[in-house]
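By letter and in written order, the chains are A, B and C; residue numbering begins at 1 in each of them.
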């Protein structure tokens, strides 16, 4: 029947239009729901950069920070040194020491914990707040250093101040991510330059004559800058939520 | 990278030209299809005259170099419905239903606008001006899209061979070129198969079917089915009893894809300026923020 | 250890590049992990199966029949392979044209996934074609211009080339060839736009293939808008695959990634999740429109309807909501689960259209043979192995080459 066919066609069209309207009506609320409320801090404008004299010849080996030979440095500022028997000693570098200043506590994983290169493994606590560090190697924690809590880290971060002993079966592979020798020193210099550019607005007067900053830089900078330092230098998230 | 206006316009022109080239054949049927629709040959199958002797099956096998059909002269072969295969281009089936025995020959229907030829990416299946849908084995890549497309399930594939081809009735184009009818038509003793121009066959079919007091069901299968076929059927009982599909529709199957194919040049022309415009707008926005 | 960590003054040789800086013996030894042994087992069975198919024909190796000419190798390897490789054009568009710079770290991996996805889809096609040595015929020998398949062939061939060109910078960086990089950078935008055009065309055309079969494809799936459905779902599949692949890559290849990735990757995943949520939301409404247009509401009550509801409700609408939730609350793991569901939904859709709901009046006449299953698994495995080989050597997940030093 003609009229029957026509009305079923009309019904189909009506449903289609209703669906379209329903979609448009629900689309905007859906989009609003899916977008997170708190805007990501990454949208903050770039801080004013302090011009660094590029051509100035550097006398000191690594600027502010010292890195010895014989160990491998991870770009997250942890280091690893072969200790025989497939194990390595793991610790945090001079840069980290300068950040933290005096160590109030350190959270180390228990023996038996599986660690992975690039994942947070221990947390250092200083006057400035907690700072997690990422592991330089894959493996399993064999032992932690009791002396680290009682000043060994501040006085000798590369020797007595080691933090973990890790059994590292994939060392050769992990080593591809690690730096040593002149590459490590170049990396530390670069880190120093970037840090200077980053914190200059906070510490302007102290650095005007190129002076070396006091230990505990973390405590001297604002929370925004600390958050950025944690992200860009240590590859971790750290808000200054108190000790 | 700077997008100069010249590069932009040149790319649009190039893509638009490419799109236009692709667009042309999709706009209408091919010239061969148009010619065949006017004066192509066809066959009218009058099922009331078919006695089920299967001589056509044997003639087809001989003409195409195929193995002899099995169980010739044995009527138990009609107890089940048979399909054509890669080794048998035509089969005769008995119709379902009450009353006298009726038989019908099945084979490729040589559609006016064939789905298989439209679907073939290398034109291995091709509608010729004289009517048959022929197969060019030198072109076939074995994608089997023709088998997906054909609403009658006609093309069959030689799955068992290591160099397989598509096999189906080709309406004996070599014989047609010599002015002879297809082998099956010539061999039919009962006069069930009428060979001639499709237009003339339609006229004859209408005369038989719509004559006053005629015994035929008032429908000529193939007049409009799938846009029209060259092999048409008339019968004195419902045509679906013979296994002919009732749900094929009256549009050629090519029509189903014409819209999609026609959109191609539009996408090729529209997308680049839209996307480039987005890119340029974003670039200038970034410049403003610096 | 000190040897491997030393700064190399000279550029690594090709052998060093191939063996990741290790000696041949050490390299082979490094391959004896359980995962590698599983892969070897799969290839040990699969490659002979594929050889058998070419030696003895499709009839011997598959359950294809005259009524079901297309099976697993078309339905899964070709259709799903192409749909899931859509991350290449989606991400290239998002980063370069729409300006989502934060997605940049995953673009190269997405392009590689796309490129390998297409290459191995074509390999699946080669296994399925009756005369695979003639695969180039639609390009060079005989043009069937009325055919959707013709358009698919051309677009896939051109697009695979575009993807190869888009991946070329990573390869050049690995080989240390600076000269082509400048040239490639200049045509980058053109390649990306061309890639989007070609992708639109062939993703939709794979759906258009089935427009030819209105009688054979179940009404709940058949629609004149099949090309639109395939195109939109390919975008969702691409985004979901990038989320999925990045998670796996981070876990398996974390020693190849740049160290800053753990922090950035989460933000990237959530941004992709946001996009996937919206696309899937629109896709669900489009499928509903398809139902309205076809007037097939009543069929939802049948067994086919249940299948449709699982595919569109369970594996498209639910992941869409999950992605939105994950994006809003920063729950990366929810996004990862949703990505697996979304990928499964697109795979299910392609399989439904090409195999399950195709020839629905004669259901279950086609069940893949064990050789077809093994063949598909083998092809996917070969794709994964190639992906791993490339990622372990070339700067895809990081800016560094395999020898440990930044080569840019």
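In the analysis below, a contact is a pair of C-beta atoms (placed from the backbone, for glycine too) under 8 Å apart; a residue touches a chain by one contact, two chains touch by 3 or more.
Quick caveat: nothing in here was measured; it's all calculated off a predicted structure.
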item: Leader among chain pairs (count of C-beta contacts); value: B-C
item: Chain centroid nearest the full-protein CA centroid; value: C
item: Relative to chain B, chain with the most remote C-alpha centre; value: A
item: Chain centre separation in whole Å, for chain C relative to chain A (CA means); value: 33
item: Centroid spacing, where centroids are CA-atom means, of chain B and chain C in whole angstrom; value: 34
item: Chain A-chain B separation of Cα centroids, rounded to whole Å; value: 66
item: Residue numbers on chain C that touch chain B, as the complex places them; value: 54-60, 62, 64-67, 69-70, 93, 96-99, 129-132, 134-135, 137-138, 141-153, 185-186, 188-190, 193, 196-197, 200-201, 204-205, 208-216, 224, 227
item: Complex interface listing, chain B residues touching chain C; value: 1, 3, 7, 11, 15, 22, 24-26, 30, 83, 85-86, 115, 117-124, 136, 139-145, 147-149, 151, 153, 156-165, 245, 247-249, 253-254, 256-257, 259-261, 263-264, 267-268, 271-272, 275-276, 278-279, 282, 286
item: Contact footprint of chain A on chain C as seen in their complex; value: 1-2, 4-7, 21-22, 26, 30, 102, 254-255, 257, 259-263, 267, 270, 274, 277-278, 281-282, 285, 288-289, 292-293, 295, 323-324, 327-330, 400, 402-405
item: Complex contact set, residues of chain A against chain C; value: 8, 12, 15-16, 19-20, 22-23, 26-27, 30-31, 33-37, 40, 42, 70, 72, 74-76, 82, 116-119, 134, 138, 170-183, 231-232, 235-237
